[in-house]
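Read from first to last, the chains carry the letters A, B and C; within each, the first residue is number 1.
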């Protein structure tokens, strides 16, 4: 066990960091916010931690927390700025935001190391610290998937107008999603930099967007569990399938495309749907009859509607006539 | 004073509508409407498609902004408050098309309405409810709403397993669970058969018996005659008639608006 | 100064050829095709592979670019976007799935090109000999002239086609109200394939022309162009041909100005800044219409 742990330490750390990265994309999706800003925060957090460690010589934990503060601040402002946007516009605006982080890093001069990036980011970060951060994050997110908060998040995503009509402040929920994605992304970015001791503009390009998207889409968008499934698969898959090697991106892209077409809920979605289908079938069997009424009956009712709804008006008109005569 | 004063009791109106206009560019969806909604009664707005009924409801829930005019809820000006706060002021609504969340059970969908009261009762109640083990939630407001709408036995099902009539019931139950002062119903019987409409009409009258003020938007005339105490008729964004339901549907201009010129006049 | 203008004009023309197709499918059938950038690149890449075997003239290379672009675009529509549209429960969900699916699809040709070229820039060898002329001290090459002429001709043709032809009208009708127009006989699926083919063809044309103009491009150049084109479309207003034209040239002018006046690494930030400014202050773009919604 200990031997296995030690020989796979890098992968274990990678899994947890990838979990946080996937969550930074998944949280806004679950809130109905189509935002990639969390991936931008990954870059911001990575650089913030590197600069804090190199310039201030802070400890790893302080660097991570500092990076999270920066990530939260930036995403909060971004969330306020793009509050009016929705759908594709928001998606593209936040993709542009994410891609611009690398441009800023290239132009950052000595502080960000320009095109080359920063090296020798040395700080002691034990695995249990990474795990502790992830556990706290997952615990908080698990709460937002249950009870009243869970129901409201569901409403904000599926039907914002309905959510507002039952007293949910949709804008606030969306802003919370932005802030949370900033914190998660920045934490993942900071840990990634510290574990690898380096960060450069090429580490925060489009590849990281695809990786996060792959983990989230394949795992499932509805729950932290989906992000965990995705993180485990895509951290361990490359090391198991050596042959994938150079074609890694191609495989990921193909999987994302296939999942988007055939399994938009991800693996977790397939499992939940299967479980619910089973429940339904069992219920139907135990009742003997289907709860659902014959659909043709409802259609027939709808079809007779126009005539039926006008009839009293004609009647009223006639009685009116009689009354007058 | 508007003529609604005829049905008003001494109690102040729940909702005062004064010269309300909602224009979208050149389209005058609502163009100068005034009336009072007095407590404990069912009011109806009758009108053909596109007459501005739904826009008026959207204005009452602050989903669209007024171009002109004033709205007062329980005597308080309510134009500045946010959409989300409308529900907290005691205004609940149902939608023209059923809007249930497919990922939540029937009971959870109704609970969404009851969650509203969590804001008032305790600051951390929302959080507490998320920390409770699943399925252990019992909520008086939800039980009441379930019982009222006759959804007992359906609570653990998914919305897609219900007939469209029952789905409408869940929609109403969710609104009732917010424990509103005023319930706005946007065509609650669309697509229903006769017996289902009858059920809904009885439900609304029962709720009135409990003191719930309601505003019903419909184009099923029989439903309006059966249910409402006072009827407004709308066309082209304006009120064209109001009064006791049986009187309103007799008026020429209502019949013309509804049945077209030929039919309306032939019968006149 | 005048030299910069020529540069900006040819840059803007490439943006225009690229963005025209993107705007066409987005404004009509509501598809924001994230694979558009990679179609642009891959068309040039195929032309490069062929040019390794046989040396071709400009017309054939251009035809290859258009054909590859159109085929890829139609293929993606048939294999990915159409199935998503068919399966999604509403259009809002479909839109997002199409964007995600597009990001996934886009990585496939990119990975192939990166693998073959080892991520190095590739150029097209051709028998076509681009001359450089000097007019009033301003240098302009044959390729640049062709690019500018192609951009102007194709946008004018597209604008006229959308206004005058039966298919163009049907496409525009779908953009306004897809449900009603299908009831009135517009075959959405077939028109969508046509629009995607046209859009891909334009991207392929842009890819080949830009590669010839610059000498070589990298496999990743499609990604950056995608964000730029998005900015141009947003600036002009989604679905408006005139908007794309103005947006593309305006963006190219600003970028050229930044290129001349700063160290050049900030150019990529221009699109980003424009996207944000437009979305904040005029979300419908310069030539778009504010949506009128009635319930």
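Worth pointing out:
Going forward, a residue touches a chain if its C-beta (ideal position, glycine included) is under 8 Å from a C-beta of that chain, and two chains touch if they have at least 3 such contacts.
Values in this document were obtained by computation on a predicted structure and should not be read as measured data.
Among the chain pairings, A-B comes first (most C-beta pairs in contact).
Taking the mean of all protein Cα atoms as the centre, the chain whose own Cα mean lies nearest is A. Look at the CA centroids: the one farthest from the centroid of chain B belongs to C. Chain centres here are Cα averages; for chain B and chain C they lie 48 Å apart. Rounded to a whole number, the gap between the C-alpha centres of chain A and chain B is 35 angstrom. In this assembly, the C-alpha centroid of chain A lies 29 Å from the C-alpha centroid of chain C. Counting partners per residue, chain A has no residue that reaches two or more other chains. Across the interface of their complex, chain A is touched by residues 32, 80, 83-84, 87-88, 92-93, 95-101, 103-108, 110-112, 114-115, 220, 223, 227, 230-231, 234, 263, 265-266, 268-269, 271-272, 275-276, 279-280, 283 of chain C.
Taken in their complex, chain A has these residues touching chain C: 34, 81-82, 84-85, 87-89, 91-93, 95-97, 99-100, 103-104, 106-107, 206, 209-210, 213-214, 217, 246-247, 249-250, 252-262, 264. Residues 143-144, 146-152, 154-155, 158-159, 161-170, 222, 276, 280, 283, 291-293, 297-298, 300-302, 305, 308-314, 316-321 of chain A touch chain B in their complex.
Chain B contributes residues 61, 63, 82-88, 92-93, 95, 99, 101-104, 108, 111-113, 115-116, 118-119, 125-127, 129-132, 134, 137, 154, 157-158, 161-165, 174, 178, 190-194, 196, 219-223, 225, 246, 249-250, 254-255, 258-259, 264, 267-268 to its touches with chain A in the complex.
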